[in-house]
Amino acid sequence: MAKEWFLLRKYILQRLVISVVTLWLIVTVCFFLLRLLPGNPFASTTLMTQETLDRMMAYYGLDQPLWKQYLTYMGNLLKGDFGYSLKYAGRSVNYVIASTFPVSAQLGLQALAFGIPTGLLLGILAAKLRGRAADAGINVFVIICTAVPTFIIAALLQYFLALKLELFPVAQWKSFAYTILPTICLSLGTVSGYARSMRTLMLEVDRQDFLKTAKAKGLGPARIVVFHQIRNAIIPMITNLGTEIAGMLMGSYVIEKIFSIPGMGAYFVDSINGLDYTMVMGLVIFQAVIVIGANFVVDLLYGVIDPRIRVR
Amino acid sequence: MEKEKQLAAVTVDPALCRPVDRSRLDTDQIVRPSVSYWAGVWRRLKQDKLAIFCASLLAVLILLAIFAPLFSPYRYDQTDLLSGNLPPSMEHWFGTDSAGRDMWTRVWVGARVSLAVGFIGAILPFVIGMFVGSVAGWFGGWIDMLIMRVIDIGLCIPSMIYVILILVYFGGGPQAIIIALAVMNWMGPARGYRGRILQFKNREFTLAAETLGATPMRIIYRHILPNILGNIVVSLTSFVPAAIFMEASLAFIGLGIAPPMTSLGQLASDGAGMYRTHFYQFIIPSLVISLIIFAFFMLGNCLRDALDPQLRDEMSTSALRKRRRAEQLAKSRKGAAK
Amino acid sequence: MTSKKRWLTCAVAAMMTLSFAACGTYTDSTTVSDEPESSASETAGSEETPDASSAEGEEETASGGDSFTIVATQPNTLNMIQSQSNLDNYCFYLTQEMLFRPYDGVYSPEVVDTWEVDETGTVYTYHLKETNWSDGTPITADDFAYYFLAQLDPAMGSANATTLITTYGFVNAEAYYNGECDVSEVGIKALDDYTLQLTLEEPKADFDGTNITCYPLDADFVAEQGEALGGTPENYMCSGPYVLADWTYGSSLTYEKNDQWLLADEQFLVETVTMLEATDANTSVSMFESGEVDAVLSVDDDYLSILPEENLQYFVFNALKAVQLNTLGQGDAEKIALLSNENFRFALSYALNREAIVAAVTPTDTPVNRYLFAPMTGNSPETLFEDDYAVESVPLAGDAEQAKAYLQAALDELGYASVDELPALSYLTFENEAYRLMAETLVDQWNQVLGLGNITIDLKPIPDAIQSMMSYQYDIYYTSLGTGAVPSGFFNMWITGGSANDVAANGSNIFSNEEFDALVDEAQRTMDREDRMALYAQAEQIMIDESPLIPISTSGNYAAVASYVDGFMYNSNDNAIELNYLTVNK
């Protein structure tokens, strides 16, 4: 036992060092990739002369040699300062993250909390009722969710449920009632993805030897399904869970746009489109920390859930 | 009740029991014709009516995409400013858009792009991801470590950045978009495939093959791959719609197919704003996308059944349905007889 | 089986409640303010009960209503020095005092008590009223002077300096901007706490002493805030009709009435104004229909037919959409000859049926065959410039035969046997649905009418497209240009060395005509309004004949305003949503 704890501690320490190095690599790669993008961050539709543009570049220190800018940026970063947006003067990236992340995270967590269990449940049902009407129904639902783009589903749900039936508010982010419709829309992808994978994996596990053993041991069907079949079927899905959770927490451009939600999703797209270097860097670093953290947790979980894969 | 019945069944007249004639029991007899794995897959697939239906649906869609624009009297980019927003009619089967362009032609031209991008753009990253993932999963150690870190970095940098870079250096054609999709999407499958390899690496049959001296490549492709191919095909077929939509969203931020060429995703997103005024402009491209995706999706399900070596005929969904139908038929006959 | 299902359902329900219990990211800073607002909008939806809410309003005598909610795009920044967007100005207009406040194009004194101009027409002296910031500290003439000086300060990196210099030409403004003189030498001075003096280098005919946008800006506050200036309500000082109470990025801005404001009893009577961000066209319209908002500033083309006509108000934007030819031809002699060929340009222009194109592609715009269209301050208030001063130009419906004749003439002049021999051209435009559709339509129309089949569309994200335009990497460029509130604003961009003409500021003009330059220069010195306008009309005629700028349309905008709202006003010359006389009677 003690040895195992020691190994675990060593493993965690190792991962920590690797994570910091990974993070530094991400920052560096991203910093230089961004500068390869064509265009000028201050070139907006308002007409400006080259001279004005040059002055603005100088004001923000973007006329310096790239390595100098990099060193300055890294220096500020070590102090925890992401700097100020180039596009939205006065908006500090730290403040933007602090004010928008909780919103996106709440929406993402709600969608995951609703989507994953629902998806798994549908997948299990479909697998257990294979070939019956329920299976076909679930398949049709999954097909619709996959085949119709989110922005169309969201717009239609908004039109019928909010505008025509007045069950929910149309848009904005004021109270729990305002979050229901966006949560459902955001979770549809998760639901259909999990339902589909779960169905397949359940069928795969169905014929493996340990189930026969379990049956031979005289376990009840419910016990077999819950403790053996589902548990084993879930394992492969955990691999991408970290990335997926991180992705959901970072917000969705489409959903946030359609429901006027003050989340992070819009910043990701708009800042890259508008070449808002500091904003992109801040968001990328923040996302990286979350993704790396989530993956780390998932890797630890992996060992717990599947005894065949042990921390070495 | 049940138990009593069973007990009743157990008490059998010993006279009915006699030793088996061993000469009639040829253990070496081949019950089924020995077929290779892929021939088996093909045989099972051929028997699946749903698979045939989906394959022919896909074939029809592909044929329409190839030939419909050729036989149309209109060019896909031919504007007719005085006949904009016409509902479907004999002249314009799918109506016209706001600039008076024939939607029938545009939809099928768009389907060309979407099919190509969706198909190649889904397979290419998957193959790359599978290869990288299996290398990482099998060899482990520092190779795994390196590959996983590259993936970590790649996944954390917004794909838009390198998509823009790729499109800047390769131009805005379908090839560039496929490359962009490959660069964007290989990491997810690689990670997933690595997980599957890890799962099967310590299995008995893998160990047995290893002990027998099989090379890693052989083990991966002959022993592990068939076991997880079903799952891979399912995710691959769900990658096709993802690729089609990714193209559409790239188009949305100006990184898609260069105008005046169009794609289904783009037509659908342009039409989305019209769903309350010109419903057909929104529903027709969406329906065609849905049909393509439906066909891929169901074909994927059928393929999954066909590809799985452990899944015998009696276990496949179609066989299950057949058996159930036969049972029901028997039951209803019994009922009729009573 | 059933027990398993039940178990799983319970688990789902439990997980949902667990995660939903953790809330608190909602945008309402106070729950109190939320309650009346949402209940008010509910009653607005159902028309049967207008009495209930109007009863509340009767208690106050001069009430414009409790709240007004409008969907409008958020400002980029409230940093007045860095601000480049009219969206920012919507907020400044509501939250700041002004020397003169424009309303529907007419400037009336606000902080200015009296003002005089000397006989040379260059020294303007303004005597100001005593007013305060919303926190009670007094506003002085220095604050108004600093608004201009900060934008001219070379250390501040403002993008607005060039416009200020060309429009008003304050003494030494350019020298100060170029770091050649001290701030004390600039002709923007506070003589004492309540006297502001502006000195121009020469009289500007288009500046009548009132039509100048000037807000107060506190130099100490700017220095204290540094980079954080104007990012949040805490980093922003208010002095105007409203105080910015809350700003949630990407969601809403809340303005509360400022009772300290000079004219608080007469204008801007609505207590709370909320500006909601709804970037999605469908959502904005749905929110309007459901009664969640009272107005939508800009209704998307696709939704105009859905809303009742009585709720739509049309406003002209002072923006010209035009096709611009790169007469420098990217250094290629063949392209230079082709793109600067007058007949080729006319062929492109005459081939376009602007009426049909605009109706099909951008139905909220108005097709034009000239540059100045929007109502302008310099012209008489009743009539449009285009009505008073006719020019000769292409018919709005185009003329295909004429276009073909021009093309043939161009081919003959340039020595091509057929149109297929022309070099391939690229059409640069923004990545945006409307711009893409316009590009596809124009290119196809040229193909259909003229047989020009070798124009490729080059679609780029805005920063990239602008950069390409500024480095002249295009043959044809579809542009949207602000035409300004006065004619000189637009024409100054197109004189030799003008900002739209010589964007690289290195002498590479795409249009250069001495007669045009002289006319624009003369007009700006001509004090008599009618003479001045006649000169501008002459200049415009020259541009139509000679310049590589082919006008297509001017932007327009439909706002949706609920029927219980009176006095909604938007004016693109003033760059403001003007709620001065707005009343909400619900």
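Note that the chains take the letters A, B and C in the order they are written out, and that residue 1 is the start of every chain.
Basically, a residue touches a chain if its C-beta (ideal position, glycine included) is under 8 Å from a C-beta of that chain, and two chains touch if they have at least 3 such contacts.
Please read all numbers here as calculations on a predicted model, not as lab measurements.
Novice: Which chain would you call central, comparing Cα centres to the global Cα centre?
Specialist: Taking the mean of C-alpha atoms per chain, the most central one is A.
Novice: Looking at every pair of chains, which has the largest contact count?
Specialist: A-C
Novice: Which whole number of Å gives the spacing of the CA centres of subunit A and subunit C?
Specialist: Computed value for the inter-centroid distance: 37 Å.
Novice: Between subunit A and subunit B, what is the gap in Å from one C-alpha centre to the other?
Specialist: 24
Novice: Using mean C-alpha positions as chain centres, tell me how far subunit B is from subunit C in Å, no decimals.
Specialist: The answer is 49 Å.
Novice: For subunit A, which residues are shared contacts with two or more other chains?
Specialist: 37-38, 155, 159, 273
Novice: Two or more other chains in contact with one residue: find those residues in subunit B.
Specialist: 164, 253, 272, 276
Novice: Where does subunit C touch two or more other chains at once, residue-wise?
Specialist: 282, 430, 460-461
Novice: Enumerate the contact residues on subunit A facing subunit B in the complex.
Specialist: Listed in rising order, the residues of subunit A that touch subunit B are 18, 21-22, 25-26, 29-30, 33-34, 36-38, 130-131, 139, 142-144, 146-149, 151-152, 155-156, 159, 193, 196-197, 200-201, 203-204, 207, 235-236, 238-240, 243, 268-269, 272-273, 280, 283-284, 287-288, 291-292, 295, 306, 308-309.
Novice: Of all residues in subunit C, which touch subunit B in the complex?
Specialist: Interface residues on the subunit C side: 281-282, 300, 302-303, 305-306, 353, 356-357, 359-361, 430-433, 436-437, 439-441, 443-445, 448, 456-457, 459-461.
Novice: Subunit C touches which residues of subunit B in the complex?
Specialist: These residues of subunit B touch subunit C: 77-79, 81-82, 84, 98-100, 164, 172, 253-255, 258-260, 270, 272-274, 276-277.
Novice: What does subunit B use to touch subunit A in their complex?
Specialist: Counting only subunit B, the residues touching subunit A are 145, 149, 152-153, 155-158, 160-162, 164-165, 168, 188, 191-192, 194-196, 198-199, 202, 230-231, 234-235, 238, 241, 245, 248, 253, 265, 268-269, 272, 275-276, 282, 286, 289-290, 293-294, 297-298, 301, 304, 308, 310-311, 315, 317, 320-321, 324.
Novice: Which bits of subunit A are touching subunit C when the two form their complex?
Specialist: Residues 37-53, 55-56, 58-60, 84, 87-92, 95-96, 99-100, 102-103, 105-106, 109-110, 112-114, 117-118, 121, 124-125, 128, 155, 158-159, 162-163, 166, 169-176, 178, 221-222, 225-226, 256-263, 266, 273-275.
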